[in-house]
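Each structure below is given as structure tokens.
Each of the next two complexes has chain A plus one more chain, namely chain B in the first and chain C in the second.
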Partner chain A sequence: MDFWLSYATLASIYVLLGLSTNLLVGIAGIFSVSQAAVFGVGAYIVSYLLMNEVTSFLPAMLVAAVFCVLLNVLVTLPALRVSGDYFVVTSFGIQLLATAIFTNWTFGTGGANGLPGIPPADLFGKTLDSTTQMVELCVGAMILGCLAFWLIMRAPFGRLLRAIREDELAVAAAGKNVLRAKVSAAAMAGAFAGSAGGLYATFLSFIDPSSFDLDASILLLTMVVVGGARTLAGSIIGPFLLLALPQVLSLIDIPTTIAAAARQLIYGVLLIAFMLFRPQGLAGEKL
Partner chain B sequence: MSDYLSATGLEVSFGGLRALQDCSFTVERGRITCLVGPNGAGKTTIFNVITGFLRPDAGTVSFQGTPLDGMKPQAIVAAGIARTFQNLRLFVDLTALDNVVVALPSQTGEEPLAAIFRPLHVARAQTRHREEAMQILQHVGLAARAGEFVRNLSYGEQKLLTVARGLATGAELLLLDEPASGLSASALDQIMDLLRRLQTEGKTLLVVEHNTRVVQQIADEVLFLHQGHLMARGTPEQIISDPALAEIYFGGVI
Partner chain C sequence: MLALQLLCNGLATGCALGVVAVTFSLVYSTTKLFHVAHAGVFTLGGYLAWSMTTRGTPFIVALVVAVAVCAATGALIQAWLYARLERRHATHLVILIASLGTLAVMQNIIAAIYSPNILQFSLSWASEVVAGGGSVRLTVIQVLIVVASLAAYGGLMWFAHRTILGKQMRAVASNPFLAEITRLRPRRVHVYVMAIASAVVSVPGVLVPVDLGLQPYNGVTPLLTATIAMIAGGVGSVTGAFVLAVAIAELQNLSLLVIPGEWSIGITFFIFVIFMLFRPTGLFAAVR
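This part shows the complex of A and B:
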């Protein structure tokens, strides 16, 4: 029972990350491999604010979201200058840089040992310390995130982003500000990733750099590829499916020593197989 | 005297190739001006310069007395000049209607916060925009195809749609890059009819066109471009009857 609750909690958090990645990579066409870094910054900010009793949970989330909006805009600005292929390399560098900071800035992040003892979330003066309360909070956040994504995509903004992905030049010729639309998409993606980070930290009460490294960024991309780009359904299905994978692996009897490697292997195979045979994912469109 | 659109001394080179050389011309308000000249003469390059997609190495373009130097494409559209592309550049994964809606100016909900926090307001505005786009489609004769994805439209319908998209911007000067090339006789009649109607509604058109029959039928004035330079201007009859121009244009066969 407890297993299902924590699965639902974690999957909800990853849906927010899936929405973030989908907005940036799938919709705005900015091929970022550093979304886990932004996720991490959100997590560390909320942890710091709660552990030092600077603010309560909601203001901490707000600070994290705002900071991650700025960060994501900053991080994706190069994408608006250099072309796609070059940006992947830039983004790769940003991810490595973030991991280096998370691992070595011991004073702020606890370094490789991580930050233990992060307080649970609280809402309106009430501490949410049971698993049930936490799952309610995260599922609630997921629903709000999905609603926001749905509203964005059906509004003129969504149509504009789709048109930009098809032909930027034609959008500019129609009198639209392409740069502004892309920056807005990056900003939204940052808000989603930062909020997910805050939820993640308070849910696990312990974070370390391994949750926010390059593997994590690639996992996010895999979720979008498997679920399907540019759709709400795809952003939900991908995370729920891929997070179930470790559990499925634990059912078949393989030694824990190779479980992690097996998981990476399967993620890799899934990524290749979907790109080759089903580029639109399970419920989406081609990346 | 103030010209509606005027280009003065435009120079553009790509590496060693001089695509425009001391190119100057004017376009008068309310007219259909055809831009003709052999392939590679620099017609599309002129469009790219006027619409802000290409900085000329020298020279200037002004519109209604205001220089457009250094303005971004979106600012030039806002000033009232829109263009179509020779290779169409439609949004093929969107419907015909959405292709037009995208180009309508300043829509509520074009930025994410309004989309999230004022959904009802945005939805109402969207209904209005769709009606507006529908009227434009009606105007170009594509109303029946509104819900169709672009890839299911015929080539002629796609060409009409590029004009519809230009109209949606609200621009009063339309630059059309070969709107009639590759069309069947009936599609040709349809587009010529549309261009004439747009003129009577007060639009000014600058049209790149190869087909002399089309030029004769729609043009008030013809600009003849050769090797990036304006060689001649005049009525269609004057241009077509000039043997020197025919020599350049058709290599002697007319």
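This part shows the complex of A and C:
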């Protein structure tokens, strides 16, 4: 029973991350391998604020979300102003830099040992310390996130983003500001990833750099690719399927030393296979 | 004295990075693909050479075999993956994701076979000191890296400007459409380009680990530095990419005097941001 609860909680958090990656990669069409870094920044900010009792849970989440929005705007704006390919470099750079900071800035992040003992979340003065309550919080956050994503995508702004993916030049010729729309998508992606980070930290009560490295970013990309780009259903299916994969792998007898490599290998194979045979994913639209 | 030693180390790393940058730029300018899996080819070369030398194969034979296998790998990635995707008019993003997938596959096959831990070559000649006195020392392998990298760079320049295939490559790079109607067959040229770039990048791919050791995920940082060098040097300028790679490596090494080594990625990225804000076309941008 506890296993299913924690699976549901983690999957909900990863759905938020899937929405974030989908906004950036699927909808705005920006290749990104740094979503895990933004996720990590959110997690570390919320942990810091809660552990030092600066604020309660909700304000901490807000700070994390705002900070991640600013971060994403700051990194996408100069790169996108120049060329889409430059963002690939920016993205790898941000991810490697973030891993270096998470691992080496021992004072702020606990370094490679991570941060233990993050207090549980609280809502309106009530501490949510049981797993059931945490599941409710995360599933609630997921539903809110999905609702926001759905509303954004059917608003005029969502149509603008879709149009950009179809034909960027035509949209620009129609007098729309393409750069601003892309940067806004990146900003929203930041808000999603930052709040997912806060939930993740309070749920596990322990975070370390290995949850936010390049491999984690590749996992997020695989989730979107497998689920399907640009749709809500895709962002939900991907995380639920891929989080079940480690459990399936544990049924097969693989030596623990190569388990991590085997998992990442499967993600890589999935990325190639889906791009070759089904670029729209299980429930998505043309990538 | 320490500064001098760091300059020497920087020269060796910089020349190796220069080759990565030049080969990446070759692929990028001809196929227009951001070939992320180049980092995987770079890593593969080192591991192949390591397995052979630990089984007693002479180093030079191991190097040649590694170069050949990497060339074949590069050609296969182009022919089986990129070309296939391009035939289906896949978007740039799709090819980029496939390339990242290829990188993940290569790195993790290596990690599953050789373990993710650091491996060292056991070649006693490599760490012998050639020159230097006191605290400054230049090892055989460092000299070899510099010489081989400069030779690879020179060879590539000669090849691109003096041979028929090289001229075809540049023709395809500058105007693929015109190349197509003059029966240059860009697709086939792309395969040659990938084979050549992968062969050349595996030379530092083998030599650098002899000096610094091997790790399956160690290809990404050099690739990032090399792409930054390519952009800062000006896309399309091969010499610019090489010069900037050496300059970035020297800056990284000199920064060790004031900042601990684990932050050197920060220095590299900082250089990139500066260029992006103030001179996005790079230092030696080709006149168009």
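Assume the second predicted complex is superposed on the first by the 285 of 287 C-alpha atoms of A that agree within 3 Å, B and C clash if a C-alpha of one lies under 4 Å from a C-alpha of the other, contacts with A are read in each partner's own complex, and residues count from 1 in each chain.
Definition applied: contacts are C-beta pairs under 8 Å (C-beta built on N, C-alpha and C of every residue); 3 or more make two chains touch, one makes a residue touch a chain.
These numbers come from a predicted model, not from an experiment.
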Open item on the list: Applying the document's definition of touch, where does A:174 land relative to chain B and chain C: first, second, both, or neither?
Closed with: first
TODO: Mind working out whether A:155 is in touch with chain B, chain C, both or neither, as first, second, both or neither?
DONE: first
TODO: Look at the residues of chain A and decide whether chain B or chain C touches more of them.
DONE: C
Task: First (chain B), second (chain C), both or neither touched by A:249 - done: neither
Open item on the list: Tell me the contact category for A:225 with respect to chain B and chain C: first, second, both or neither.
Closed with: second
Open item on the list: With both complexes superposed on chain A, which partner does A:80 reach: first (chain B), second (chain C), both or neither?
Closed with: neither
Task: Footprint overlap on chain A, comparing chain B with chain C - done: none
Task: Residues of chain B defined as touching chain A within the complex - done: 51, 53, 72-74, 77-78, 82-83, 85, 89-94, 98, 101-103, 105, 107-112, 114-116, 119, 122, 126, 129, 165, 168-169, 171
Task: List of chain C residues in touch with chain A within their complex - done: 34, 36, 81, 84-85, 90-98, 100-109, 111-112, 115-116, 216-217, 220-221, 223-224, 227-228, 231, 260, 262-263, 265-266, 268-269, 272-273, 276-277, 280
- [ ] In the complex, go through chain A and note every residue touching chain C.
- [x] 25, 29, 31, 33, 78-79, 81-86, 88-90, 92-94, 96-97, 100, 103-104, 214, 218, 221, 225, 257-258, 260-262, 264-265, 267-272, 275-276, 279, 287
- [ ] Spell out the part of chain A that touches chain B in their complex, as residue ranges.
- [x] 148, 151-152, 155-160, 162-163, 166-167, 169-177, 180-181, 184-185, 187-188
